[in-house]
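Paired with chain B in one complex and with chain C in the other, chain A is shared by the two complexes that follow.
Right after this comes the complex of A and B.
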C-alpha cells in the first residue's frame, strides 16, 4: 500500500470512528450531507503533487502526521476565548472567537447586531435559521478536483454563521478569530457560512492564530453568498507558528451587480494554502482578489485563486505580491476562466514576488482559460529583486541603501495592504509589514492578541 | 455587417488543405501492431548495429510501463497502438546516387509540395533531406556540405557511417525515459535527419528536412539529431505535410539538438500536417518532443515555429541552458481552426550563470478550436543572473473558440529576473472599421491585422519559409474573423 492510500485509509477510519460523535454535536441538515461528501473524498483522496492545483505544495507530510482528531475544547479554552481581546488599536468590530473550530456555547442563540443581522454558531443556525442555511450550505463549495473540500463537508465540527438580510448595510466589520489551542497535536475542520442579501453590505475580518506550540492542521471551508448589488469584503490575516499548517478554501458566489473583495495577508505560518474561488454568476458583478505574503525561514505559502466568469459583462482583478526570505517558498496559482457566452469580460491578474536570498524559491502559474471572444484579459508575473534603478534613485538623494531597500519593499507591499478598507487594520498591517521587513518582528510581537501565558 | 462578416469568416476558415493529395507509390510495410518483434524487425530491416537495437528494446520495455499523458488541455481519443503500421518505406530504394534514380512519382510529390529537391534548383540554395513515410528518400547538396566538413544525411546513413557520433549523442538530450511518446519514438523510430557541423564552421546554406506521411494507417516516427560543435552555426528548417484522410494518423517525432561552446543553432518549423476536415474528422496527431541543450558557454539555440496543421498538437520545443551566458529563444505562432486542438509552448531550464531566454508566443484560435500555451521557465539555484522575458498573446476569432495560457515560473535564485506577460483579445471592431474606411475589405483587414500580430515571429524565419508561413497563415485563417 503506498503512502497515498494509507492516508486515505486513515481518514476513512477516522470518519467511521468519529462520525457519530461529530454528528451528535451537529445539526441534522449538516449531518445529512456527510455521507455523500465522504464518498466523494474517498474518490478524490488527499490531493497529491500530481494534481495540477497542488503541484507545488506537498500535503503528504501534513496528512500522514498523527493528530488527535476530535477534541472538544474544555472550559479553560472556552473561557480563554471569551476573554480574548484583539490588540489592534481603534479596531471597532463585532468580535467572534472560535477555539479549535468550536463556537463557544451561547445558550443555543444567535447574536443579533445591527437591524436583523444575526451571527453565531453554524450548528445552532442550522436549527434556528434552517431555511437560510439549507438554501446556501454546501451549494458553493463544490469541487470535482479537491478532495479536501469534501473532507471538510464530511467532518466539519462547527463554525461561524453570518446572515445580513436584504438591504442592511452593516457598517461595523465582523471579526472572526480562529484560535488553535491545545496541548496535543490536533486536526481542526471548521466551516463558515456567510449570506449577504440583496443590496446589503458586510465586511468580515478573519484572523488565524495559534496559541500553543503544537503541530496543527486546519482544513477550513468558508462559503459566501453575495446577493444582487450587494457589497462584501473579506480580509484574512494569518499569523500562526512554524509547526502549524493552514488550508483554507473560500468560495464566494456573486450575483448580479455585486462587488466582492477578498484580501489574504499572510504574515507567518508553517504551511499555508489559501484557495479562493470567486464565482461571477450574475451580470455586472466585480470580483477583487488580493494577497500579500511575507515569509522567511522554512515557511511555505501557496495562494490559489480561481475567478470564474460564468456570465457576460463582469470584471475581475487579481493582485498578489510577496517577499520571500531565507529558505521560504512561495506559490501562486491564479486562474481566470471565461465561460462561453461570458462576453465583454474584463479580467486582470498580476503576481509579483521579490526573492531576498538564493535559497528562497517562488513558483508561479498565472493561467487564463478563455472560451469567449469579446474579452480583454491579461496576466503578468514577475519574480526578481528590487529594481536597481529605483534603488539608485533613492540613494542618489541621500538615503542609505538599507533604508532605500526598506522603502521600496514597503511600497511594494503597501499596494496590497491598501486593499484593506478598514482603516485601523490597514494601519496596523502597515506597521507589521514594516517591522517584518526590518526583521524586528518575531511571531509573538506580531501577534494580535495579548498572549498571557507564555511569551517566548 | 454581421452577416457579411460571418460569410467572410466562413470563406476564410474554409480554406482547403492544398497538400491533401496522395501519391501512389509502392511501399514496403511491416504488419500492423507493436511488440518486441516489431522493434527487432524494424531494426533488422534497417541493418542496425547491436547497440541501437538494445537502445530500442530498452525504450520499448520502458514504454510498456508508461501511460498516455493526460495533463495537457487536450481531448485525445484513445489511441490503439496496436492498430498502427510502424514502418512503411517507399519501394525501389537502393540508396539513389542521383536524382535520376529516384522514383519519378516521388519527385512529382515533392515538386507538388514545392520543395527544391532537384539539384538544378541551385538558386534556391537550400539543402534538403526529404523523409517520406518513415524513410529518408534523398538528400541534396551533400558534396557542397562535405567540402565544409558538414555531415547532413539520413539518420540510417549516419548510423552506418558515423556510428560513434550518433551513439554519443542519441538520447543524450531526450532520453527514452523522458515521456510516453519519446519512449515510443525511441523504440520504433524509422528514420530522420542527422547533422553534424564541425568546429568553427558556419554552415553556408539553410539545411532543411521535409517530412511527409503518405501511406495509410501508418505512424511516422522520425528522429532528428543535430550536433553543432564549438563555434559553429547552422540554420535548420523543417516542414511537414500529409494527405487528407478520414482516419487519424499518429506522428511522434523526437528532435535533439546539441550546441557546444559558442555554437549557434537556429531551428525553424513550419508544421502543416493535415488538420482534419471542417467537422473534425481525420487529421494528424502531432505529439512531438523537441529539446536542445546549450552545453557549452555562450551557446545559443533558437526555436521558431509556425504551427498551422494537425488535428492535435502536443509539442514543447525546449532549451536546457547549461552553459554560462547561453541563450534560448522560442518564437511561435500557433493557429487553430475548426476542431483543431493545440497545447504547445516551451521549457527554458536555466542552469548556467547569466543564461538568458526569450519566449514570444502568439496563439490564434478560430472556429471551434482550442489553443493553449503551456510553458515552463525554471531557474535553478546556481543560475545567477538568469533573465527571462515571456510574452504570450492570444487572438480569438469567433465566439466558440478557446484560448488558454498556462505559464509555469519556478525560480530558485534571487538574482533572476523573470517576467511573464499575456494578453487575450479579439480583433476590435474599431480596427476593422479603420481599415474599411480606407478601402480595405474586411477580409483583407483581418489578414493584415493577423499578419501584423504574427510578424514578430514570422520575421525570425528564414526568408524561404517566411513567405510560405505567411501564406499558410492566410489559408488557415480563411473565414475565421469576427
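Right after this comes the complex of A and C.
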C-alpha cells in the first residue's frame, strides 16, 4: 500500500470504528449525511500534490501522523472554555468559545442574542431548529475535488450555529474563539453553519488559537447562507503554534443583491490552509475576499479562493497580501469562474507578497475560467522586495532605513487590515502587525487571550 | 552652506555630471536651468543621496561636512530637503503617520522631545493653511490617488512641516497649471526664512516669476556653463537654449558672469 492509501485507510477505520459514538451525540439529519459523505471521501481521498488546488501544500506528513481522535469533549476542556476571556480592548461582541470544536455545555446551548437571532451549538440547533438546519446544512459545502470537505461532513459532531432571521440587522459582531487544547496530539473536526436571512446583517469574527504545545490537525468547515440584499462579514484571525496544522474550508452562498466579505488574517501557524468559496448565486451580489499572511521560520500559509459568478451583474474583488521571512513559504490560488449566463461580471484579483530573504518562497497562481463574453476581469500578482523608491522617499524626510522599511511593510499589510470593519479589532490587528514586523512579538504575546499556560 | 566642487557623477557607467561647481550661501535662492538631459535631476539625486548615482570625482560640502558620506536620512535631519520631480505613492502609509514620524525623528536628532498628538495636529493645521493644501489630501495615504498638482503641493506641505535649511526643488513646476504654480510658489516663499536657502531646478522660466532667484545657473552637458542674475532666466525664455549650446561648444572653459 502506498502512503496515500494507508492514510485513507486509517481514516476509513476511524469512521467505521467510531461512527456509532459520533452519531450518538448528533442530530438524525446530520447523521443522515454521513454515509454518503464518507463514500465521497473514499473516492477522493486526502488531496495529494497532484491535485491542482493543493499543489504547493503537502498534507501527507500531517495526515500520516498518528493523532488521538477527539470525539467526546472532556469536561475539563469545557470548563476551560467557560472561563476564557478575550483580551482585545473595547471589543464589544457576543462571545462564544469552542474547545476542540465543541461548545459547552455540549448539546444544551442555543441562546437568543438579538430578537430572533440564535447563537450556539450546531448539534442543539439541528434538533430545536431542525427546519433551518435541514434547509442549509450540507447544501453549500460541496466539492468534486476536495475529499477533506466530505471527511468533515462524515465526522463532524459539533460547531457553531448562527441564525439571523429576515430583516434583522445584528449590529454587535459574534466572536467565535476556537481553542485547541490537549495533552495529546489530536485531530479536530468542527462544523459551523451561519444563516443570514433576507435583508439581514451579521458580522462574525473567528479566532483560531492553540493553547498547548502538542501536534494538532484541524479540519473545519463553515457554511454560510447570505439571503437576498443581506450583508455578511467574516473575519478570521489565526494565531497558532508551529506544530499546529489548520485546514479551513469556508463556503459562502450569496443571493441576489447581497454583500459578503471574508477576511483571513494569518499571524502565525505551522501549516495553514484556508479555502474560501464565494458563490454568487443571485444577480447584483458582491463578494469581497481578502487575506494577510505574515510568516517566518518554517511556517507555510496557503490561501485558496474560488469566486463563482453563476449569474449576471455580480462583482467580486480579491486582495491577498503577505510578508514572508526566513524560509517561510506561501501559496495563493485565486480562482474566478464566470459561468455562461454571468454577463456584465466584474471580477478583480490581486496578490502581492514581499519576500524578506532569498530563501522565503511564494507560489501564486491566478486561475480565470471565463465562459461569458461581456465580462471585465483582471488579475495581478507581484512577488518581490520592498520598493526602493518608496524607501528612499521616506528616508529623504529623515526617517531611518529600519523605520522606513517597517512603515512600508506596515502600510502594505494595512491595506488588508483596513478591510476589517470592526474598529477595535482593526486597531488591535494593526498593533499586532506592527509588533510582529518589529520582531517584538512572540506567538504568545500576540495572543488575544488571558492564557497563562501557553507554550511557545 | 553648500559647496559643490568639480562634481563628476555617472549612472550605469554613463557620465552625466562632468565637473560641476556650485556655491550656495545662507539666504540665497538659486535657480538651475538647462535643457533636457543636461544633468539637472542627477544633481538633485546626488545631493539627496540616491544610490543609483555613482560619484566619480569631486566633493560636496554641506555646513563644513562631507555630504556624500551622509545617509539620506542624516542629510534630511541636517536640514536638507528634496522636493521630488515624481513624488512616490505609498498606499497604506497615512500622511499623518508619515509626517509625525519624520518630524519626530528630526526633533530627536536635535535633542527635542517628540511632539504630543495635539501639538502635532496643530502644526499640521497651521502648515496646511500656509501652503493651501486640502485636508482631504493629508487624511489619505501618502500621495495615493493624488493628481500631479496635488502631489507637488504635498511636497511643499512636507517642506513646510520640516522647515529645511536648504531645499532643492526638482522640477516642482512640471505638470502644474498656472493656479497650482502660484500656490506652490507662494508656499515656498512663505516657508523660506532669511537664513534658509532654496535651489530651484527647472526647465522653464515661469516658476521664477513667482520664486525670484538671486542667482541663475545654466547647466549644460554636466557642467554649469553660465551664471548670472535673474535676467538670465528671461533671456533663456526668449532665446531658448540653443545659443548656450553654441557658446558652450565654442569653449571648453566654464564661462561665468559674476551675479549682480
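FYI, the second predicted complex is superposed on the first by the 449 of 456 C-alpha atoms of A that agree within 3 Å, B and C clash if a C-alpha of one lies under 4 Å from a C-alpha of the other, contacts with A are read in each partner's own complex, and residues count from 1 in each chain.
Simple rule for what comes next: contacts are C-beta pairs under 8 Å (C-beta built on N, C-alpha and C of every residue); 3 or more make two chains touch, one makes a residue touch a chain.
Computed from a prediction, not measured in an experiment: that's the story for all the values here.
Once the complexes are laid over each other on chain A, chain B and chain C both fit without any clash. Comparing chain B with chain C, the partner in contact with more residues of chain A is B.
Legend: residue contacts after superposition of the two complexes on their common chain; A:186 is shown touching neither chain B nor chain C. Applying the stated contact rule after C-alpha superposition, one finds that A:411 touches chain C and leaves chain B untouched. In the superposition on chain A, contact of A:96 is made with neither chain B nor chain C.
Once the two structures are overlaid on chain A, chain A sits at the apex of an angle of 70° toward chain B and chain C, using CA centres and rounding to a multiple of 10. When the two complexes are overlaid on their common chain A, residue A:362 makes contact with chain B while staying clear of chain C.
Of the two partner chains placed by superposition, only chain B is touched by A:373; chain C is not. Once both structures are fitted on chain A, no C-alpha atom of chain B lies closer than 15 Å to one of chain C. Overlaid on A, the two complexes show chain B and chain C touching no common residue of chain A. Touching chain C in their complex are the following residues of chain A: 387-390, 392-401, 403-404, 407-408, 410-415, 418. Interface residues of chain A, counted against chain B in their complex, comprise 52, 56, 340, 343, 353, 355-385.
Contact residues of chain B toward chain A in the complex are 71, 73, 381, 384, 394, 396-426, 482.
Looking at the complex, you find that chain C touches chain A at residues 48-51, 71-73, 75-77, 81-82, 84, 87-88, 90-93, 97-98, 101-102, 105-106, 109, 141-142, 158, 162.
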